[in-house]
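Labels A, B, C and D are assigned to the chains in the order they are written; within every chain, residues are numbered from 1.
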Amino acid sequence: MLTLDFHPTGRHFLQIPGPSPVPDRILRAMSYPTIDHRGPEFAALGLQVLAKVKQIFQTQGPVVIYPASGTGAWEAALSNVCSPGDHVLMYETGHFAWLWQKLATRLQLKAEVVAMPGTCPTTGLPISWRHGVQADLIEARLKADTGHTIKAVCVVHNETSTGVTSNIAAVRKAINAAKHPALLLVDTISGLASAEYKHDEWGVDVTISGSQKGLMLPPGISFNAMSAKALEASRHASLPKAFWAWDEIVEMNKTGYWPSTPNTNLLYGLSEACDMLLDPRHGGLPMVFARHQRWAEGVRAAVRAWGLEIMCADSAVYSPVLCGVVTPQGVDADAVRKLIYERFDCSLGTGLGKIKGRMFRIGHLGDCNDLTLMAALSGCEMGLKLSGIKLQGSGVQAAMDYFSAHAAPTALAKAA
Amino acid sequence: MLTLDFHPTGRHFLQIPGPSPVPDRILRAMSYPTIDHRGPEFAALGLQVLAKVKQIFQTQGPVVIYPASGTGAWEAALSNVCSPGDHVLMYETGHFAWLWQKLATRLQLKAEVVAMPGTCPTTGLPISWRHGVQADLIEARLKADTGHTIKAVCVVHNETSTGVTSNIAAVRKAINAAKHPALLLVDTISGLASAEYKHDEWGVDVTISGSQKGLMLPPGISFNAMSAKALEASRHASLPKAFWAWDEIVEMNKTGYWPSTPNTNLLYGLSEACDMLLDPRHGGLPMVFARHQRWAEGVRAAVRAWGLEIMCADSAVYSPVLCGVVTPQGVDADAVRKLIYERFDCSLGTGLGKIKGRMFRIGHLGDCNDLTLMAALSGCEMGLKLSGIKLQGSGVQAAMDYFSAHAAPTALAKAA
Amino acid sequence: MLTLDFHPTGRHFLQIPGPSPVPDRILRAMSYPTIDHRGPEFAALGLQVLAKVKQIFQTQGPVVIYPASGTGAWEAALSNVCSPGDHVLMYETGHFAWLWQKLATRLQLKAEVVAMPGTCPTTGLPISWRHGVQADLIEARLKADTGHTIKAVCVVHNETSTGVTSNIAAVRKAINAAKHPALLLVDTISGLASAEYKHDEWGVDVTISGSQKGLMLPPGISFNAMSAKALEASRHASLPKAFWAWDEIVEMNKTGYWPSTPNTNLLYGLSEACDMLLDPRHGGLPMVFARHQRWAEGVRAAVRAWGLEIMCADSAVYSPVLCGVVTPQGVDADAVRKLIYERFDCSLGTGLGKIKGRMFRIGHLGDCNDLTLMAALSGCEMGLKLSGIKLQGSGVQAAMDYFSAHAAPTALAKAA
Amino acid sequence: MLTLDFHPTGRHFLQIPGPSPVPDRILRAMSYPTIDHRGPEFAALGLQVLAKVKQIFQTQGPVVIYPASGTGAWEAALSNVCSPGDHVLMYETGHFAWLWQKLATRLQLKAEVVAMPGTCPTTGLPISWRHGVQADLIEARLKADTGHTIKAVCVVHNETSTGVTSNIAAVRKAINAAKHPALLLVDTISGLASAEYKHDEWGVDVTISGSQKGLMLPPGISFNAMSAKALEASRHASLPKAFWAWDEIVEMNKTGYWPSTPNTNLLYGLSEACDMLLDPRHGGLPMVFARHQRWAEGVRAAVRAWGLEIMCADSAVYSPVLCGVVTPQGVDADAVRKLIYERFDCSLGTGLGKIKGRMFRIGHLGDCNDLTLMAALSGCEMGLKLSGIKLQGSGVQAAMDYFSAHAAPTALAKAA
């Protein structure tokens, strides 16, 4: 029988920036018996879920739900709108932007990387990984592409590897300013349902997302939301595809069904997650976003009090989902994480790729609350000290001060 | 909140040939909290699951687990071993073979179909859909391919749309007899863990399977098992792929991890499913196969007693997973299914593609037992009669006679 | 870890007359985290549950919920209204009536038994166990009690050991006709929420019930519903009691709390069960009762077709909850049950007390449906035959004929 | 459907001294289908559970498991060994001792209370509620009872209302020193499986316990463990009883069954709980006790740092289960608790009876760990400050210092 008990007692604190903790309501929903995906009860479920998911993406257009994890949805987005050898412009904000570019290359696209150049003089960390997308760099590059060979601009909305968000509306404005026909593809795998995201209003052509972050589901579901322009492009794109092809899915979804077998039990969970996020009694999406912002500020207050550097160097684009914490030079961030995991039963995110060992990440998303974060920050503070790091002050104290001084938005709403 | 209650009372009988009913043990395992897929507990889980899955495929080679449903694994198999425009030979045993061929075509392969020609004079049903793969047809075609342009032979082990299995060892023998280098790709999505399957011994190059049939899981996991020859081929195959690419997955699996996010909670379920199937106290896989054979024979006894035709016309290749029941000329099989669903809360499989409306399918796989089948057969018998079909005799009586006369193999094993 | 796998595959058929199968909705509800039974969320739950439970008992008065199983509620009823040595009249309809009398005796009451005398000439079974309460016997006894020493009349509404119900309104009428002040105590542990029951309208003083039958919960909750007269009597009754004492519970329940620790998770389940039973979309209690009547008739059709005797000898009081099946002389009913359990993974009720070995019981209550009963009846028919019993005909066939000819009341309601 | 969502996001911190948080393993075990409590699978379960429970009580004698909550087990203990009017000596250590005495009085026993006299000059709190049992007071009283009219001495091992334990071995010694035949009855409802408890070695005659504390189950199961002397006494005790009567239960338990319906699903949970507590890989009971002691010390370090008084005034008998925190004069402890509940989603225990409003209780028992306590302490610290209480220092800091300096015993065991 399944046993997962590295720690003998108590509940694990899963404070990575996704998969995030799955609420009991969702785990219970997912454990209902699997039903016939060709029967009438399934169609009723399918139509409901598809309608609710659109509200989450803030779009009127179709949203395709894949029975696959997020990397698949990256591939889906590209293969539905690109042809072999197509030129795509990919902005490198961090490791996931880098992985997406690598995937584009494997798909035989010509993936050109844009990024801020250089490394920080003090930390040696890549500057582009500490800032959001610089829309002017994209605008300049597109203006230079007078032949319009660039088919798509790909950016990451919330960089899971760094805790930096990007201004998507600004990217759209840049593309428009350059009068360039390129499609705008946005990965908000770790942003959706935690950070505000407006597919239609921001003029995104394809939005990619996944289940295991703000949607509070286990991994296994991913999404493509698409504009009319993207749908039109997909009719002419010739990258080979079948499982990912939008056409049949969008068509069959009209009846609540899927062309191939959907992952029924995760759809139960998705239905429940949407109900929780959209629940008007709790303020719906605006309140969801507001509480993420507040948690994020509390966590950053702690990091500042410790005297450690926040990975995101631009306060205008702090992520409401996670905080990257740069460890002092000479300290292996992964050794700190390991100590915290073993001593305090708390998982933190590792530094990825170019910043491995230089930082760790604290997730504060989804089914979270103040005391869960106080637990995580206590674990971090104890772990940092036990690792021999001299802290300037108590981050735990700073976070308590912040949370005490700023009541949760929901509580205020109830009082009002 | 999630409500799925088209029927106000009692347990639904899910008698489609997959998704099959998910046992409580597996649903409970799946509802454990999601853990960090980069942490040490996950690696321990990953290594265990990967080792157990090999036993299910009866292979020493690697098995790739995709966080995606079965159609994806079809695409994965082809895109890992084929290059654009490659010629593949696909044997049409039924609707799923036909769908796989359609998918190959979408992937821009040259998919040549082999099949027995013609339709049954009495029923009008396609002859090739009522028989398993005719290995001699494949042998002849390969011998004619003197230039060895055919890169792969694709066959379906257990045709879910008809209830016909195919002799895979015979296909391997045919390829060898033709001295042809084509790879052998086999879909056993609905056969694995219900019908005997030997990836290594039968000389299969790529086996495709899924979670929601004999493995008794919800949909959302699919597999590729591969031979050394297939792995070698994958190094030179140029179909664009990333999510499906074997190379990175096989490499990272050595440490118990995956390159992209695996679907953690379904892996919990897969681990539990393997434990159930391989449990030596219950006789392991041989007993699993034996009980499916017995259930199948009991169900066929019922169909014969009703005087209805079994879709599979060759008793040597009856499926142990499902039985296709041909309804009399002029009777809409789907109307019968609908009546049974509405009146008796039992889901049966529909006729697919070319045989839509002409037959329905009774699944008898996975977490099943005698009385569950008696319930399903009772529902069928009542539904057939209520639909105005004149039955020769009582199938329910015939099945009771069969099950009474033939004790379940497990019971025998315990007595011994 | 917990393993309950005497049978290696498939779902067990729990066809005893309680505990009945617990629906998934209820099991899921019960697995929510335990909360503080002194906190505000609990009070909200408590008030809701107490209000809903009254509807189930069809009473305006208080219903006390005990965190204990049914035997405790028997004791509670007696100890709240009786003083040591009190004379109570107990009608013996079967084994549970007999057990209740035994319990009354242990509580130092003078428990006088009323029953129809004698045994059946053909079967040797006690006649009183094959009929419901004979109200005239009670009336005669009460009339003879001119000194009004009898404090309470105790009857069982649905005798779980035999499948016989009793006319409670007639008993009340008899007491009134005798102009006797005795309280009327009724056990409907196995009747509530399956058979129609009207605490107020029928003039019952104390109703005793439990969770594990028509309420579809696991055992662990039991009830006392009481009239104003019973509450008044409880103020003067001097049997020692504390845990069972109504006064403090009724008082604290007004705020949604309990004086001692309630069993939180079963209350979650009870709340869900009430929602299911009262759901207006499915017709509420009237439809619940109607479907039990129909199932019962289908099962009896089977027993008659087998040529076996139904334990209940009076068709006016057949139980809608279970059917007692008398096995032929010389056949050990428990050996038949054992064979059915081992071969067909189906639990049936044993013969209890005076009728041990002479009969078995088929439960058809709670979360049941037609095909579940067809499964159970198939198991019985195969088991009876394998036990060497010569059956007159096929009960399975008879039940199918009945269920086919009589559509479930819910289906009709939907069609209407 | 069941909705319990006063707080819109995150996991509730249930830090009352019971019911304690129920681990997922136990909730999953409890949600297995209910089985026939008269069938062979149940007997296998029953025998296992009964054997494991004895290890928890550290006894060779029988342990009776009641399908009822803890108050019932108090009544059971008394009614099995007492006769109406019997004289019992009850030591008042706090509210639960007081409630037990009240219950004894309702059972028509002559319940004499022993206690330390007076109230604290500074706090006004009853002195006896701040200390454990004073065995010399009991010894003196028993010596004075030369006629041996006292039938039983009743003490509470772990006073849930105050956080004070009592030395049970010393009480036994006192009874022996007085050469008095009185039975020793001990309530360890909130102590068992958190604080060391030795039924046999300490010479206890009846131990009373419950499920919802150290056993980590929901409420609904309670226990009596009894000595040979207690069993002998029960044969002559004449308080009316039936549901609680040991004789039939002990007899039937020999076969793994119960005379009345046991609460099957909670027994699943109990089986799982015992497996977790006794698991040799995690050090078994000694490690369970050691980790509770450490948590308790960490929490007390916090209370001291705040400058608040600990309810327990004798460091020799600090409870490892909970800590009573006395709020400053003039501060309503319940208002503080309410604020912490509403703002920080954390439940704390209220002050009960004589100390209502004067203190609150922090539970640190069962399925707990360091960061869960850091969360709770953070909630307390923020709540105390927001309530306007001036704290001497940071309790959160003190607890972090303690937990950092003292690694959990399990971790040490693994390192060794």
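Operating definition for what follows: a contact is a pair of C-beta atoms (placed from the backbone, for glycine too) under 8 Å apart; a residue touches a chain by one contact, two chains touch by 3 or more.
Model, not experiment: these values are computed from the prediction.
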{"item": "Farthest chain relative to chain C (centres taken as mean CA coordinates)", "value": "A"}
{"item": "Comparison of A-B and B-C (more C-beta pairs in contact)", "value": "A-B"}
{"item": "Cα-centroid distance, chain A relative to chain B, in whole angstrom", "value": "35"}
{"item": "Geometric centre distance via CA averages, chain C-chain A, whole Å", "value": "54"}
{"item": "Intercentroid distance (Cα basis), chain C paired with chain B, Å", "value": "45"}
{"item": "For chain C, residues that touch 2 or more chains besides their own", "value": "1, 11, 21, 28, 31-33"}
{"item": "Sites on chain A touched by chain B in the complex", "value": "1-2, 4, 6, 11-12, 14, 16, 19-22, 25, 27-41, 44-45, 66-72, 74-75, 79, 84, 103, 106-108, 210, 212, 218-220, 239-243, 245, 259-266, 268, 271-272, 275, 341, 347, 350"}
{"item": "Touch list for chain B against partner chain D, complex", "value": "1, 3, 24, 28, 31-33"}
{"item": "Complex contact set, residues of chain B against chain C", "value": "5, 7-11, 13, 21, 23, 279, 282-283, 287, 291, 342-346, 367-372, 374-376, 378-379, 381-382, 385-386, 394, 396-397, 400, 403-404, 407-408, 410-411"}
